[in-house]
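There are structures below to look over.
Next come two complexes built around chain A: one with chain B, the other with chain C.
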Partner chain A sequence: MDDDYYSIDSILAENQKIQCTFKVDIPDLGHLDGGHERDIKALSKIQLPLWMTYILIFSDYADFTVPAPFSSRVKNALNAECKSVRLSALVGAGASWYAFGKIVMRLLAQDAARDMGAVLTTAFRERLLEVIDQAQHFAALGHIGGAGQSNDTAAAFREGLDATERELFALAQDSARSTKQWYESTDRGRR
Partner chain B sequence: MSSEARQFGDLATQLVQEARRSTLTDTLLKYNDTLVRSIVREQRQLDTLITQTLAQDVTFTGSNPAALLYQTAIQRNKRCLLAYHSHRTDRLRDMYWAVGGALPHLLANTDIRAKLAPHEVDYLREYNASIIEFRSDFTAELDIAASITHPPKDLHVLVRVVRDCGAIQTEVGSIDFRYGQRYMVRRADIEHLIVQGYLQEV
Partner chain C sequence: MALPPSLRVSFSPQELELIACEELVEIIPLIAMEKTAFISGAYGPLRPPNKAKVPLWMAMNLKLKKKCHIVAPDWLSVEYLQDKLLQETNAEGFSALPLRFAEMSKVLLDVAAEDIPNSDKVRSLLKDIREVRQAKSRDGLKKIDHIELSLANLCAMEINEIRPFYTRAMDVLTHLARSPIADV
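On to the complex of A and B.
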């Protein structure tokens, strides 16, 4: 995902909500929470979309808690076996876990951001092999996963792909198909 | 006020989601004039809110979180609007090049025409004019509208007519292309007809 101003994916990724704790009173904006309070009181916790929180956090009007998809529980699960974590279940259908993480990184302090970046890239790198492997063999073998995995594990992994990985999966499948087509075609007799 | 029922930027999100749906299904959706207008209206409301908030804040010290939040919402809406429109112009340009730069052919299609906003038609016309001006310098040597995915292998090509397209001037005189007939013609003469789907290579 790019950070381009006009990027549709980037805009949608910033719609993910994180929890903010306000440090100041803000009058007349209680409806941001969807609640019926008239004002935002200091120390109240509100779920806000990311795009709205940058300015609050950088202006020191609010603090935020690291969202659940990047909690230490998820980090431990990724450390244990990153292929068995269902990223799609963490961020909801059609959303990108990596894009979300990239944005949260911007809000974190330097050390925490570096750790988070490491978690994201390691997970991506280790999962990518399986993504491409399955995509290459998906059409050919039907529903059997790569590397001799059982049917269920492979299917569960496919369901757990986040939006970024899904896109790569589709691309790898296309590429495998075109390679096969090119390999089997011949230029002779076509002129 | 209506913005109390919904969250700031919800309408803009709808608009951006429509752009994404258009990309995923690879179709041009109808220009959503109503939604664009509602967002512009939301922008005006937000602007009024900022003015009000700052007017009430008599002891303004350079920090007013409420005004800052309205401002952020305005910028967010603006970004969504711009992204939606740039997504559409991208698509329109792709369509323009897919038919080899034949704008009348594109606009004659009532299906497509119904999905365009008036200013998008203007945009296409002006884009077309710029391209024609650019091309005119070297039309004799190079046709930049020619397909690059399937480079031609011969000067002549055997074509089958799939739709009547009337008499066309070629190097061997005028040919009246009728449905179902086959011709051996010079590629440069009829390239645009293949791109637009009147003729098919055999």
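On to the complex of A and C.
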């Protein structure tokens, strides 16, 4: 999520690919598209990782389309019910939808970026409560094996957590568990 | 960093208990002891039927050796806690309790339950208060944004429990809400 040069999360987030449309011919770089052509022709569409697109987009060599995880279809789904959208399915396992979104937001023009920021923030805030509730519920169960009769919606929500939310889930679960253990511990045997 | 993530941002409950053990409590000693210097200060003298003020760790130690009775603090009584529970359920915010009440009451009920009048009732009242307060801090999560979250009168143990994920969530919100202009 952060911009630190050494942050592995940020490197992974920049590895997501977006579709770029080139505006000019670029000779000898056809291998970027899998190596069938020698040159990149203007108006050809190529999937490129985000870290490579900054310079292309800001120097006006290429345009990009807003990637599928942030399409209006997903936005509508988030508006309807945040908690039933599977963010992990949108960006692939282990990736962060929020970190990806943050980078795309940076590439967008001002108004579009503000809208996108609002979508990300609302989604995060509305899902946060459910993340923490479930984390504390699991901490209270004591051991993870005992989650037999949890209902399907909750399980589906957990599967749909993206990397950022997973991290929060783990933090909340750890602290709730250690506090619970402390409350149940005793010093009576000590002398 | 070599520390596990959970220890980087907050204390462990055991560390908080250690800190709380520096708080003074009243005891009725069963042994005599001259005024003695410890690293944290000089305590004593202990002269049996007279009460003395010593830190909680010392009281705990003496109690476990059956060398004193602990006098329950004012706030660890059924009336006081019932009053607080009522405030807690009726009022919006958190009621004012001693900062380290969770740690101290846990230690006292653990080692000196027989010295606290109505200890079972006290225990269940503390549990109720804790649950009401937890529900309130959960409501606070709805109001979280990237600038601040103010939950007055939260006690040390409660802050410590929510600190790791509240700070992380606010950190994420800061990144998401930052205006793109500021980035360039």
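Annotations for the structure displayed:
One rule holds for everything that comes next: the second predicted complex is superposed on the first by the 172 of 191 C-alpha atoms of A that agree within 3 Å, B and C clash if a C-alpha of one lies under 4 Å from a C-alpha of the other, contacts with A are read in each partner's own complex, and residues count from 1 in each chain.
What we mean here is this: a contact is a pair of C-beta atoms (placed from the backbone, for glycine too) under 8 Å apart; a residue touches a chain by one contact, two chains touch by 3 or more.
Since this is a predicted model, take the numbers as computed values, not measurements.
In the superposed pair of complexes, A:L128 makes contact with chain C only, with no contact to chain B. Legend: residue contacts after superposition of the two complexes on their common chain; A:I11 is shown touching chain B, with no touch to chain C.
When both complexes are overlaid on chain A, the residue A:K102 reaches chain C alone and has no touch with chain B. In the superposition on chain A, A:D111 makes contact with neither chain B nor chain C. Of the two partner chains placed by superposition, only chain C is touched by A:T186; chain B is not.
Once the two complexes are overlaid on the shared chain, A:Y61 sits against chain B while remaining clear of chain C. In the superposition on chain A, A:M52 contacts chain B only, with no contact to chain C.
After superposition on the shared chain, chain A has more residues touched by C, the comparison being chain B against chain C.
Residue contacts after overlaying the shared chain place A:E81 against neither chain B nor chain C.
Common to the chain B and chain C interfaces on chain A are residues 191. In the complex of the two chains, the chain A residues touching chain B come out as 5-9, 11-12, 15, 24, 26-29, 31-32, 34, 49, 51-52, 54-56, 59, 61, 191. Chain contact summary for the complex, chain A toward chain C: residues 1-2, 98, 101-102, 105-106, 108, 110, 113-114, 117, 120-121, 124-125, 128-129, 132-133, 135, 164, 167-168, 170-172, 174-176, 178-179, 181-183, 186-188, 190-191. Across the complex, chain A is touched by residues 5-6, 10, 12-14, 17, 60, 64-65, 106-107, 110-111, 138, 141-142, 144-145, 157, 160-165, 168-169, 171-173, 175-177, 179-181, 183 of chain C. Of all the residues in chain B, the ones that touch chain A in their complex are 4, 7-9, 13, 16-17, 19-20, 23, 53, 63, 65-66, 68-69, 72-73, 76, 79-80, 82-83, 86-87, 153-154.
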